[in-house]
Amino acid sequence: MLDKNGIAKRIAQELQDGYYVNLGIGVPTLVANYIPEGMSVTLQSENGLLGMGPFPTEAEVDADLINAGKQTVTTLPGSAFFDSATSFSMIRSGRVDLTVLGAMEVNDRGDIANWKIPGKMVKGMGGAMDLVASAKNIIVAMMHTNKAGQSKLLKECTLPITGLNCVKKVVTNLCVMDITNRGFELRELAPGVTVEMVKEATEGRLVVEGNIPTMNL
Amino acid sequence: MLDKNGIAKRIAQELQDGYYVNLGIGVPTLVANYIPEGMSVTLQSENGLLGMGPFPTEAEVDADLINAGKQTVTTLPGSAFFDSATSFSMIRSGRVDLTVLGAMEVNDRGDIANWKIPGKMVKGMGGAMDLVASAKNIIVAMMHTNKAGQSKLLKECTLPITGLNCVKKVVTNLCVMDITNRGFELRELAPGVTVEMVKEATEGRLVVEGNIPTMNL
Amino acid sequence: MNKVVENADQAVASISDNAVLMLGGFGLCGIPENSISALVRKGVKGLTCISNNAGVDDFGIGLMLQGKQVKKMVSSYVGENAEFERQLLSGELEVELIPQGTLAERCRAAGAGVPAFFTPAGYGTEVAEGKETREFNGKMYLLEHAFDPDFAIVKAWKGDTDGNLIFKATARNFNPLMAMAGKHTIAEVEELVEPGELDPNFIHVPGIFVNTIFKGTDYEKRIEQRTVSAG
Amino acid sequence: MNKVVENADQAVASISDNAVLMLGGFGLCGIPENSISALVRKGVKGLTCISNNAGVDDFGIGLMLQGKQVKKMVSSYVGENAEFERQLLSGELEVELIPQGTLAERCRAAGAGVPAFFTPAGYGTEVAEGKETREFNGKMYLLEHAFDPDFAIVKAWKGDTDGNLIFKATARNFNPLMAMAGKHTIAEVEELVEPGELDPNFIHVPGIFVNTIFKGTDYEKRIEQRTVSAG
């Protein structure tokens, strides 16, 4: 089974040279730590920054320079600042090659729910609805089950959805799955995980064909 | 009767301190020469310049700095450059206080025709349709009649129109008229011009009430 | 033409109860600190605030929430704010949540004289309820409308007395869009210079969009998530 | 990631017959001179060119018209161009005239992922024929659609190898909008620098929008109306 860093490490294998990537808050942010050496990947932060660098040293901290998670960050050479409309222009016009998001639920048609739990204080969707409606390539990073042990990979989302038919791939603590018109297609297993464990933890349509390899991390 | 410079001089009396103004090609351009001393008027050129200055000296000529008439120009302190979408944002959102345009025909409801003569090569409307559809205050600068002596102030435009119901005021070689729901309301006469001369040269509904003063140029 | 006022109190003097305000900033980054303080001092009530976030309990728009000056928040993410939550649950405060890109584009549309546009964000979700939908090139979109605020209040890095503005780093965010959207735009700047001192090639908001400008003072620039590396 | 090519010929290599191109510039100001020359050399035919103007007889897009490479021009003003007029009247060339602000906004919409928007320009005129109209706040508007070009070709002042662009003076015009609108964007620049040499606060087009970039040479920058004052 993978921990958060393992999930991030596996997702980093999806990166390609020249990619522009938007990483959501939480586990997705960790993907930045595993960008392969020598690969040029540019991080977009939807508050208006392309070319985001690592956290600043104490001396570098600048209150005017944050990411979409409101964390202080730095810039890399070749970075650019822009307003929020230009930022979402990049996103909506398909210029962002990969978006990595967390989720509360995903269904087997690629619908995602990650912004609202009825009965709880709703903080808002931020940029999530724009991202899921626009990105051509969305990977969800999440735990396979919730704290109560229930599957988060469902036939139908029970929570209010963020977007329809948009998730292409899910990387969980248990496995990697592609979402196709047949449902969740199992591609890889996390170390120590069996197909049975994935079946048990997946409520939506699961497709298991041939020998499923173990991730190479 | 006024010549082109006289028309421009009279229109300049409509300027107010702090105005942002877009001047069309031809007679409207001449208005810039009559901005009252000490009055702050900022000229907008729709190709992407706010704060347009006079023509450059030979030494100042810069091919990258032109106005919407493609003439080389200069900038004044406080000027700004921007792209064409931002330029028309200013225009459409009503930030330009006054637009001065030439016209082939104007009717007594304020419709304007100034872009196309059927049977002749059509060069295009440029920014004219955006300007007339958006400006809150449009003054037309033109001769009262065409070369054949026919009125250009009509009941109905005969040429393809540029915009509906948009012209507020017309300054011709003969007079100043406001366009209201009653038609062309005569306000001032050019030196040496009589009400009869205006009546003869105006085909559209003309309203003449009280004593019409002569322009104070 | 004089757009310059002495301070924030003068700048917000014409804002009265029940006004619809846009306020720039993302989180606490690039917020018009001086103007917010002046609005708190003025005690104006019943405000509708269009702003990506709602501040924190004791800073930013949170200060206006403490004073119960806000009737309605229009935001994409309201964050961690106990007083906000209390007022929302008690029904004192109305909240409209809008996808961030749609929020930005509705600001931009207001400044562009575009009354409505289509965007894909929120299609098939509760955000789409009651909205016109349409297919373009096989994809579904919602019709969204431009905002129509009475005032836009923004914070810039530098400005000149003609109202030209320049922003710094990610403190830019919604500020330029809102500056262009206001019927009356108020800009507070860290540095106020004479016309001609800013390079006309690098103006983020041309002065035509700005009605009132003043030099702000005592910027706190509070940081929400101070993340540092060992270096 | 390598966006840099050696010259204009390499930059336009993938443009084939019947492509839909956007070309930046206003009049002859800020036009992609090098790329136009390369397209003429390449002899590609049947092009649709979206550009505010159509050049003059012996410069700019006029050169492509001379070579009968253009099937259709989409412009706001086609200006003085004898060969253009001859081809238009003989039916060899198709022309679509669009209000300049609508042209700009349709470029911007393409880059913004907005498929359609409402604008007042042209309401009640022949430009409105066949278009959906709608009233907002008592005023009538037309529905206009985003362009969908195969390539956008722009000219910038400075650029870096990551594709970030900066424009000079009014040579900016349609260039940034078109740079953001292309499925594949080609930028020619007077000065090409390394990442980090341009100030990230003052980038006009972030590199994400640019696919191919090269340093242009021998810019003529012809002036259409050389107006001078005694000084």
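So that you can tell them apart, the chains are marked A, B, C and D in the order they are listed, and the count of residues begins at 1 in each.
As a working rule, contacts are C-beta pairs under 8 Å (C-beta built on N, C-alpha and C of every residue); 3 or more make two chains touch, one makes a residue touch a chain.
Everything numeric here is computed off the predicted structure, so don't read it as measured data.
> What's the fewest number of moves from subunit A to subunit C, given that each move must go to a chain touching the current one?
So the least number of steps between the two chains is 1.
> Spelling it out: a chain qualifies if it touches subunit B and also touches subunit D; which chains qualify?
Touching subunit B as well as subunit D, we find C.
> Determine, using the mean of C-alpha atoms as each chain's centre, which chain is farthest from subunit A.
Following the centroid criterion, the farthest chain would be B.
> Would you mind pulling out the distance in Å between where the CA atoms of subunit A average out and where those of subunit B do?
Chain centroid spacing, subunit A to subunit B, equals 56 Å.
> Cα centroid separation between subunit B and subunit C, in whole Å?
The answer is 36 Å.
> Averaged over CA atoms, how far is the centre of subunit C from the centre of subunit D? Could you give it in whole Å?
That pair's centroid distance is 33 Å.
> Provide the list of subunit C residues touching at least two other chains, using ranges where the numbers run on.
In subunit C, the residues touching two or more other chains are 105, 112-114, 119-120, 167-169, 200-201.
> Using the touch rule from the top of the page, what residues of subunit B touch 2 or more other chains?
75, 81-82, 85, 88, 91-92, 134
> Let me know each pair of chains that touch one another.
Result for touching pairs of chains: A-C, A-D, B-C, B-D, C-D.
> Touching residues of subunit D toward subunit B in the complex: what are they?
26-30, 52, 75-80, 85, 88-89, 97, 99-105, 107-108, 119-127, 157, 167-177, 204, 221-231
> Using the touch definition from the top, list the residues of subunit A that touch subunit C in their complex.
Against subunit C, the touching part of subunit A is residues 45-49, 54-73, 75, 81-85, 87-88, 91-92, 111, 121-130, 133-134, 160-164.
> Residues of subunit D touching subunit C in their complex?
For subunit D paired with subunit C, touching residues are 105, 109, 112-120, 134, 136-137, 139, 141, 145, 166-169, 200-202.
> In the complex, go through subunit C and note every residue touching subunit B.
1, 110-114, 160-162, 164, 180-181, 194-196, 200-201, 203, 206-209
> Can you list the residues on subunit A that touch subunit D in the complex?
For this pair, the touching residues of subunit A are 17-18, 20, 40, 42, 44, 50-51, 75-82, 85-86, 88-96, 134.
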